[in-house]
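My questions will all concern the structure given below.
For reference, chains read A, B and C in written order, and residue numbers begin at 1 within each chain.
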Amino acid sequence: MLELRNLSKTYKTGDKALNDVTLDVPGGQVLALIGPSGAGKSTLIRCINRLVEPTGGSVVLDGTDVTRLGSSGLRRMRRRMGMIFQEYALVERLTVMENVLSGRLGYVGFWRSWARKYPQADVDEAYRLLDRVGLLAMADKRADELSGGQRQRVGIARALIQNPALLLVDEPTASLDPKTSRQIMRLICELCRERDLAAIINIHDVKLAQMFVQRVIGLTKGVVQFDGPPEGLSEDVLTRIYGEEDWKETIAKDDGGEEAA
Amino acid sequence: MPQVLTGDGTKIWMLRDRKAQFTRWAAWMVGAIIFLWCWKQISDATTWFFVWDAPRIAGDIGGRAMPPRWEYIDKLWKPLWDTLNIATLGTFFALIMAVPVAFLAAKNTTPSALFIRPVALFIIVASRSINSLIWALLLVAILGPGIFAGMVAIAIRSVGFCAKLLYEAIEEIDLKQVEAITATGASRWQVMAYGIVPQILPAFAGIAVFRWDINIRESTVLGLVGAGGIGLQLKGSLDTLAWPQVSLIILVIFGTVIVSEWVSARVRGAII
Amino acid sequence: MSAPVEERILLDDLVGKGWRKPPFIKRGWLRWGLILGGLVYLVVALASMDVNWTRVYEGLDRGWQFVLAFTNPDFTSRAADIKEGMIESIIMSIAATVVGIALSIPVALGAARNIAPLPVYLVCRGIVAMSRALNEIIVAILLVAIFGFGPLAGFITLSFASIGFLAKLLAEDIEDLDRSQAEAVKATGASWMQWINYGVQPQVMPRLIGLSIYRLDINFRESAILGLVGAGGIGATLNTAFDRYEFDTAAAILLLIIVIVMALEYISGIVRGWVQ
């Protein structure tokens, strides 16, 4: 469904963030992108919806080359790609409901969105999603009144109300405590299964990734170093991705983890 | 740590080494010379005979100004109302003009950093550099005397001030929120309405109230050049040497300024 | 994870219902009262404006001439007046800033609640309030009446205004300075002067320098109007130029003011970067 072909990004400073990345993501697959800081994980995700302009290669979603779209075509394409952010990136001074509804901005005209007059179907869907993520009672609270985990749930609802085919998830758990992190990861993966969504999840925490996803991509200095199932992350592979370190603890699967959460 | 050898060879600690010490000393020296020269110029342009006479004159004026002519206040209500209108409407129109200028001047929202931003910045500097009284002087010459000229003067002077503070607020917004809205497929205007406007709204309200307070002060004196408000009465009383009226007007202005400061502090407290 | 149940909000109750953004002011009567009051005020105030549109229409032509004058400013025909006035303005601003700083420091120390005893505090706050509430031009009028025409009245006006401005901001700064640093100095057994010098001054100094340059900038801008009431500076020349409709000379003066203000802002940017 999503194909990246020789995707490259060189920043103006000369840093090569991505180097010829080629990748196929079939529909409904949840995939984790791991790698050290500065490996180009964020850049890769942002090149897919062109928040960062790629300098070479192509991104093809369901047969359309995203890199060649004009601005209105790009906006239509972005509606199909929901994005979830590291520090939630909610509009802090708007209410939870407005934040969720802002996911429909690509579908409604400017004046309707300005007057907050969304179609009834959107409002209903927003209520359903807030109920699904367990925040229905918070609908009219301001976003900055919520806790970190709650904010990320709003972020998830905002991404899902776009009715996307693909989720781009950028470090969803980096600012959360371990327990909330697992809950958020589980929620994302459950929702992907329910709605048959593909997802690319940037994540620092290798253990957490292994726990939830079907496929892992290891990125180092903008180059794909590993592509395979989570069980394939051997000590040797982790050394290739992250560099020399004692990896025994990390790959030892802790089966009790999920129940404990 | 800079250390210095004294004559008998022992090291002592000093805050700065010799060179830094000398530079500082020279800077103070130059500053002092500039100040003394400025003072001499002022002194040369002053008729000192009048200055020595000043305490007597001040006492004389003070004696004549007291007590203020209280019944004159009946004639001050209308000018006071005009003054309030000049300040409020001036602020209102200034804000309407300042918003687009600020968006054109902010690095992250300007359509063209090369052509449009310098123009917006020039508008801001030109408006800010020139005092509202000078704008009033100019507008009285162009539009004729009256409160309309005063209001336009206040508006023009305030555009630069408000736009400057606003564009600094726009440049400091959290870009992640903007990015998130962009990623939903929102159009340029929607990104502005959802990603940027909510973030700068508190700053905008604060700036509006702050500038309104300043404008009340400034509009009290615009009448001196014929631009309406209570300053007109002040000028009339000064020209006829009606000191009891002058003292009353100054008291009224003083009171107005204090009330406006109190109001603006309350409103700012309620908003933020 | 199940939905929080304390408030018992059920999805079925909400689906199908419309949604409206909760209003900023929750009390309905207050919200509508404010909106209505605002509109009524706007209408009444605009109606009381009483604009003479024919006069404005005639004036547009003069306005256009003034705009044109900016493309062709006349620096030469009154060069001597402009030069003299400008120098006087600059001299007044510099001298008043220096004196303003010197006098504002003791006032600021007195107006900081954590340093000064209550009676001193009240007196100093009174000075600050007085200086801030009285418009420069009114002070200048009174001082011209007392001291006679000339830059001395302007200089005193600007000094007085600078005291209020600097002392207020400085006092606020002193009030929220880092207590632990100041206490550490006090604990060494320093005298009051030593305590100010070592515990307070280093923390406040960078801000004082920044503020001083900002005040120099303000003083220069203000000095341009003091001439209107005879208190020296470029304002007198400017006033004459407007009175005689010599827009090209006026444009030249305004351009000079803008350039000097820009230069001062540029310098203050450099100095602030250099201090911190």
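Simple rule for what comes next: contacts are C-beta pairs under 8 Å (C-beta built on N, C-alpha and C of every residue); 3 or more make two chains touch, one makes a residue touch a chain.
Computed from a prediction, not measured in an experiment: that's the story for all the values here.
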item	value
Arrangement of touching chains [line / ring / star / complete / other]	complete
Of all other chains, the one whose Cα centre sits farthest from subunit B	A
Geometric centre distance via CA averages, subunit C-subunit A, whole Å	48
Whole-Å separation of chain centres (CA-atom averages), subunit B against subunit C	4
Of all residues in subunit A, the ones touching two or more other chains	98
Residues of subunit B touching subunit A in the complex	174, 176-177, 179-187, 189-190, 193-195, 198-199, 201-202
Complex contact set, residues of subunit C against subunit B	41-42, 45-46, 48-52, 55-56, 59-60, 62-63, 66, 87-88, 91-92, 94-95, 98, 129, 133-135, 137-138, 141-142, 145-148, 150-152, 155, 221-222, 224-225, 228-229, 232, 235, 238-239, 242-243, 245, 250, 254, 257-258, 261-262, 265
Residues of subunit B that touch subunit C when the two form their complex	31, 34-35, 38-39, 41-43, 45-47, 50-51, 54, 57-58, 61, 81-82, 85, 88-89, 92, 125-126, 128-131, 133-134, 137-138, 141-144, 146-148, 151, 217-218, 220-221, 224-225, 234, 238, 250, 253-254, 257-258, 261
In the complex with subunit C, residue positions of subunit A that touch it	95, 97-98, 101, 116, 118, 120, 123-124, 126-128, 131, 134-137, 139-140, 183, 187
Subunit B contact footprint on subunit A (complex, rising order)	49, 51, 75-79, 81-83, 85, 87, 89-94, 98, 102-107, 110, 113-114, 155, 158, 162, 168
